[in-house]
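Have a look at this one.
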Amino acid sequence: MFQPAPRTTVGGRQLNQPLNADDFALSAGFNSFMRLPIATTTEGLDACFVGVPMDNGTAYRPGPRFAPREIRSESTLIGAANPDTGAEPFASLNVADIGDVPVNLFNVANSCEMIKESYDKIIKDGCVPITMGGGHTISFPILQAIAQKHGPVGLVYINAHSDIADSVFGEKLTHNTPLKRAVDNELLDCKRVVQIGLRGTSAVANAHEHEKNLGFRMVRAKDCWYKSLTPLMAEVRQQMGEGPVYLCFDIDGLDPAYAPGTGFPEIGGLTSIQVLEIIRGCKGLNMVGFEVNEVSPIYDSSGSTSMAAGKYLFEMLCVVPGVKYAECS
Amino acid sequence: MFQPAPRTTVGGRQLNQPLNADDFALSAGFNSFMRLPIATTTEGLDACFVGVPMDNGTAYRPGPRFAPREIRSESTLIGAANPDTGAEPFASLNVADIGDVPVNLFNVANSCEMIKESYDKIIKDGCVPITMGGGHTISFPILQAIAQKHGPVGLVYINAHSDIADSVFGEKLTHNTPLKRAVDNELLDCKRVVQIGLRGTSAVANAHEHEKNLGFRMVRAKDCWYKSLTPLMAEVRQQMGEGPVYLCFDIDGLDPAYAPGTGFPEIGGLTSIQVLEIIRGCKGLNMVGFEVNEVSPIYDSSGSTSMAAGKYLFEMLCVVPGVKYAECS
Amino acid sequence: MFQPAPRTTVGGRQLNQPLNADDFALSAGFNSFMRLPIATTTEGLDACFVGVPMDNGTAYRPGPRFAPREIRSESTLIGAANPDTGAEPFASLNVADIGDVPVNLFNVANSCEMIKESYDKIIKDGCVPITMGGGHTISFPILQAIAQKHGPVGLVYINAHSDIADSVFGEKLTHNTPLKRAVDNELLDCKRVVQIGLRGTSAVANAHEHEKNLGFRMVRAKDCWYKSLTPLMAEVRQQMGEGPVYLCFDIDGLDPAYAPGTGFPEIGGLTSIQVLEIIRGCKGLNMVGFEVNEVSPIYDSSGSTSMAAGKYLFEMLCVVPGVKYAECS
Amino acid sequence: MFQPAPRTTVGGRQLNQPLNADDFALSAGFNSFMRLPIATTTEGLDACFVGVPMDNGTAYRPGPRFAPREIRSESTLIGAANPDTGAEPFASLNVADIGDVPVNLFNVANSCEMIKESYDKIIKDGCVPITMGGGHTISFPILQAIAQKHGPVGLVYINAHSDIADSVFGEKLTHNTPLKRAVDNELLDCKRVVQIGLRGTSAVANAHEHEKNLGFRMVRAKDCWYKSLTPLMAEVRQQMGEGPVYLCFDIDGLDPAYAPGTGFPEIGGLTSIQVLEIIRGCKGLNMVGFEVNEVSPIYDSSGSTSMAAGKYLFEMLCVVPGVKYAECS
Amino acid sequence: MFQPAPRTTVGGRQLNQPLNADDFALSAGFNSFMRLPIATTTEGLDACFVGVPMDNGTAYRPGPRFAPREIRSESTLIGAANPDTGAEPFASLNVADIGDVPVNLFNVANSCEMIKESYDKIIKDGCVPITMGGGHTISFPILQAIAQKHGPVGLVYINAHSDIADSVFGEKLTHNTPLKRAVDNELLDCKRVVQIGLRGTSAVANAHEHEKNLGFRMVRAKDCWYKSLTPLMAEVRQQMGEGPVYLCFDIDGLDPAYAPGTGFPEIGGLTSIQVLEIIRGCKGLNMVGFEVNEVSPIYDSSGSTSMAAGKYLFEMLCVVPGVKYAECS
Amino acid sequence: MFQPAPRTTVGGRQLNQPLNADDFALSAGFNSFMRLPIATTTEGLDACFVGVPMDNGTAYRPGPRFAPREIRSESTLIGAANPDTGAEPFASLNVADIGDVPVNLFNVANSCEMIKESYDKIIKDGCVPITMGGGHTISFPILQAIAQKHGPVGLVYINAHSDIADSVFGEKLTHNTPLKRAVDNELLDCKRVVQIGLRGTSAVANAHEHEKNLGFRMVRAKDCWYKSLTPLMAEVRQQMGEGPVYLCFDIDGLDPAYAPGTGFPEIGGLTSIQVLEIIRGCKGLNMVGFEVNEVSPIYDSSGSTSMAAGKYLFEMLCVVPGVKYAECS
């Protein structure tokens, strides 16, 4: 009755618009992402925001089950356009928030199946999913659906940790293992994988032999210190070529100064600027999906981590193929 | 696509149902109250939950602008039935969350007009509004709409403070003045007003002469100490008679032990049990509206205050006229 | 080298003692419970404190995985004797902290097996386990071990919720289902079960038919309001008779004012005094085990909930059979 | 220039007044207690608020060094009159905030000397000090000054702990020992001492032999459960007679539900109502000083504990001899 | 009586001094800024600290109403001299804290009038005001007073947002609009305006056409990444020339890592170092006023944001014309 | 019984190992540092972690008394090897956590004596202590023990503040004075002292004359801005030569963005990367001890500061002489 659900007509096509501060007070409204219209299918959508509120494969601090809810709440203050890059995603794409996929908080394997099944439906007509995790475990079933549709994908992977263990406690489906599952299931085009932000301790010092042998490019955080990552991203675009690419961002890729609300923080990480450069550097690639995971709101009473996650999700939308860019004076 | 929107058919009528833990994981879903279906009008609704996310008439700690959002988020864990009383509101009433009414966070007077106008629409076909405030300022425009439809109402008023000042800083519309505005505008049936939980300091010791002269019944918190309020409510039901009654609950009526997240806390207040007794004691009255206000979530990092507010809102629904009660073994 | 590990000799037997403020600064020391000596087996122990740091069967807010750690940290300030009751447990019992049992945070079923196996060892020589949970899921495997040794037990069960659902999301092992599993596996002497503190909402109003048919005694929170529970406990002691009894305390039995740090809080609950009365009322019973669960420290930044849990664990030790009571002037 | 410093003339005498919400916005102003005028001597004052911002005799959680600052900040919302009792203290007494006494945060003994010396000056002309502690250590030097002027005093002592140890770690001046020092230095009229709220654990069960032998009346918290303390206070007034009385309130006398922000909380404590009854029950006694101590603001992010402390300090002012009481309708 | 109010005599003139750690324990004292003497007029003052505790024009998170109080409290730990730059402001300027100006928390327009009127008095004799906001709304009335005295001013403007909207919700006086009001009222010398730190999303991508046309220099945050701003400030000093300059610092100019406690945070912002460089780069300019706004203490439980604000306020004092600089070895 | 205490045999020598995530769930276990075996003497140890849980010489915010406890708790997630540098400390050194040394929280002087005495024992057979403070006061007694064994030491000193005051409030043993005490007692080889990260305000601008005259190298934070400190550390290694070196890291050397949980934060500080460079730059030096102090966990509700401290303590272990480094591919 009260909440506007704005749409704009562009070239005869109706495009959903987010609410802005002049439409409706910023404290008001159902918490869809950016207060976008809620959709119940991806029909007619170019891209969608979707939540996966599950953290039952988490080894240390839990909490990402509540990340979609908190990110949505704090996404109120994101505007429709990106003056830094000129992107005006809602001027050319039809976008909605399609809500959360069903998960089973008591059973990791069952959750993974449910997620896979939901993503099959989400992407079947070409809608690009922009995912609010959830723990990192969710990346495997999402990649299953993505690769089934698009074939093995290139991967831009921002993370403090490789998360490529074979198992933990004998378990194959955890937040330490999604990359190994993806490799084992041939979901990745291994020559087109880049890991950025790796750091922290591990069981042995020579921790990345496996990835190297697979052909991954690895960029440790210490190789990013004091540097713009814009040049790196030029190389990454070369590496990725024309094929489909998935962007997976574990919020712990950021230094804890920028993202205290996460389950397994590591000092010496990427800056919020570097992650902006990585995402913006994906412009022009054949992006088929995006994901932010491991936000644990309860460990950040100021809400900074959820707010940052929302901003990054918007930046991801800005590099979905087809977004129109304005000239900025 | 994913989020169930359950309905049940009772006597040929479709009734909205809240999601429960077996429908959808408790961490999931758009944050409508109790994850009820969202409605855009009150057509066909017996009762509705509605937010008024405004706090710009607040004298000390702000924050209630975010209360509807947080109460909705934490309302996930409320179940459909009330084993203490036997109430099964969704078995006989059609209920939805209709979202937030528009407000203007920069202008109290304008907000009040907007609220009044929205409530006119909400109640015009008889839907009973259950309001998530917002600061206490909102009570005046809501009562304007209510009294315009139902005539001057009886009032069950739970609050630490009278909030019957004529003005603060020369301002007539603040969270200290809603009751005075209501009296001045003849929105109340003064003989059918009861204030419960009054306490705290004031400018003069003999603080309640005015209310007394108006014919209000005043029950100070100290008159409630160590006592069940069930007997009081028997008297209140006598006082209220058959006429329309509005229940207005400023969360600071509760002792801060039960509701730390509020803007103007006072020690020595009501217990959470006593407020349950008050609300349950309204069963059988001709209730025409309900309201919880002054929840300030940022001052309660555990979320207890928002959770409690949600439970009380559900209890209010349970005493809407027409709710069916089951036998409980 | 530095941390004293005090022992006292009583009747020729060496008894472990907790550190007190004069032994070692209260901020210092490894965080065993009450800074008791750490034991690696239960040999020679009359009772032990033990942690089960698992919460992967949790439906809403997670966090109890960290409860043993935080309860131990905050248990520093508990003294060796109980002036309210006269209990001096360390003067007659040999007690240690035996650490945490292994759990698998990614797999509920596997965790349950591991817990069962560990408790078999803990209790095999008669040591009474006093457990720091963990989510409520853990009660089932613990009761399996207990009942295997002692036969079906009487149960004093403090909880806001019955937790006797058959399944959630099709899962049999969750924190909503331990009591059903215990009943199905005949671990309980159903006529000797008492549930205290039940409240909150549920799917249907007549929520407790099942328990009633089983023969449980149910004491809803509303039947406890404004009352000492000392008389109730006299009846409970009658009900329990001579047989083995297990005390299971879900911290959400308490009102959130006393225990905000939990995953599924409900207003209108027991007071901290009433829970003291329940535990103290178990004196004289044939207690074979104790448990506090569902403490979620991250939701209580003041530490009150962990501190309270520690105090209750100590009170449980005070009613282990064989504790000596002093005359208090 | 801007901040009003109101005074009222009563019987030819100028009396300081606190700022109220209509004088100056509640968020504004230097943080003197209740935004009273600041005085630099006690000349002409009947009573004063004074801070002792020291906690270096604290055994567990520190923090009370910041209590005066936070209590002052949160005291903004206290009004000038007490409708519960009719007290209008500023209508008959001249009161100011005289700031904090000097302390040495690195040296307990030196701090105690400094405090003693300051209180000698504060009270020399009959001004009644109402003290914002500080850790409990401060009570000894304050009582030294008080007893030097008035002779041994009666003591109303609200506390979870006796704090009558002879020494901790060989130290004589700590927050565990003020009462022992007071006894040893003959500052107390031992037959006129009442301790209310005692509870918690201790090194031995028979913890209070010493106090008993001294002639103290001891009222354990468990003897207060479920009861109004108004009848107790009638007895206490008998006990105190005509002689000078000091009221010392360790905030941990309250249950942690009402005062989480303290250093050594104990479950099962007094309610905020019972402490109101105790303070109000001192009306008519020959009160010569008051004190609230052990508030540790950093452990209470909602500010409830500091707010409560402020309210109790105001209630203490209301029972200073000479306060005028209005009739309340 | 107790709190020293130090003054130093320089060239026959008495200069106020802040308290330092050796004067008075750091936890003690009324919370004037840096525990400077409190003044009631600006007579004889070269500069003053002043608070504007109002946030009722805030669109998203409220809270700056409490910023002056919290900044003052945390300013205790600032020393009198600046070893990085050699500035010893209290050796040549007479400075005081003059408290808070009156505001009306219920009415933005009225507040703005009150602020304007107060600043007229503050600056009439040449005292340089260093303002603790308050929400950004306050900049307009302050600039009104400043420009009335000094003529249109140059502006160094640190902010994530332009805050140059014409209206929000039809309102002209909000925290989104102060710059537009200043331009409309010809308070600014538009060629001498520089905005630093702009970033974040907006309604359209080409967001700054208007400012550009006005002749503002705009330095987006992305143009500051990885760079010292010392060279920029050399250019800014050129731009500002000899005319009067006002420095306005919205704390959200900083990245949220440095200032989580604010109402509308944006990732990718300035570092705390860059803001130091900007302020220090104003040395030598004809500075006529300074302001920090939009600090919202409740969103930063560690106090970092308030502490940082205090440090920046001190750095502002260090570049007031006339401050003496020492040689630093 | 349950908690593994892993050891590895290297060259016939048994070496303690930390628990890792596959040994035992990350939420489980007694909180020794990295869940290493607990030792009661340093016999056979090459290095040890040790806590000094004292903060009674702290001038502003207290809290470091709880730092060892919290750092240990959060150290769970540190792995055994350092892929950034190749260090595998547990492959060549025998390391344990020896717990906390005794301290007296009521008496600084006595605590210092106790600490000195404990460190004499710790280091007498050559074990390298890696200390978890405690307030900075502890550095003096530790250095006393170190210098007594090794002679005056070189010092790598990371700190915002010099902490070389002669006294505060006349007190010689405080957290402002450890370096002065060390100099006066000839514990330092003054030509081999480097202070890194100095900043903040002080009583006079020319604050470092004294250190300069002593021959210290001083590197202010502003000289580190925007720079890798790897080149600086090459110079520092020159400066330190072959003699014994102690590394003392006051966590406030870091910018508050990286370490909000400390008692006296200063903006414009070192990054977490720079501190990693400093510690790693000590490789090859004759390190005889390490220390992290001034972590105040209660001021950082996300735990980031304690987590960071744990990581730095591990990095310190990695540069203990004798650590084996692996090739990292």
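Should a chain be cited, it is by its letter among A, B, C, D, E and F, assigned in written order, with residues numbered from 1 in that chain.
What we mean here is this: a residue touches a chain if its C-beta (ideal position, glycine included) is under 8 Å from a C-beta of that chain, and two chains touch if they have at least 3 such contacts.
Please read all numbers here as calculations on a predicted model, not as lab measurements.
Shared residue numbers account for under half of those found at the interface formed by subunit C and subunit D, and the copies are therefore classed as meeting with different residues. The chain with its Cα centroid farthest from the Cα centroid of subunit D is A. By residue number, over half of the contacts seen at C-F repeat in one listed pair from D-E, A-E or D-F, namely D-E.
Using mean Cα coordinates as chain centres, the one most removed from subunit B is F. Between the Cα centres of subunit B and subunit D there is a gap of 38 Å.
The mean-CA centres of subunit A and subunit D are about 55 angstrom from one another, to the nearest whole unit. Note on chain placement: the centre of subunit A and the centre of subunit B lie 39 Å apart, centres being C-alpha means.
Under the contact definition stated at the top, the residues of subunit C that touch 2 or more other chains are 25-27, 59, 65-66, 104-105, 168-169, 226, 255, 257, 299, 301.
Contact topology of the protein chains: irregular, matching none of line, ring, star or complete. Per the contact rule defined earlier, chains pair up in contact as A-B, A-C, A-E, A-F, B-C, B-D, B-E, C-D, C-F, D-E, D-F, E-F. Of all residues in subunit A, only 55-59, 61-63, 65-66, 104-108, 110, 168-171, 173-174, 298-299, 301 touch subunit C in the complex they form. Taken together, the subunit D residues at the contact with subunit B in this complex read 20-22, 25-27, 76-88, 226-228, 255, 257-258, 272-273, 276, 301-304, 307-308, 311-312, 314, 325-329. Across the interface of their complex, subunit B is touched by residues 59-60, 168-169, 176, 198-209, 212, 220, 222, 225-226, 255-257, 260-261, 264-268, 299-301 of subunit C. Residue ranges on subunit D touching subunit E, taken from their complex, read 1-3, 24-32, 38-42, 51, 53-54, 65-66, 68-69, 72-73, 98-105, 118, 121-122, 301.
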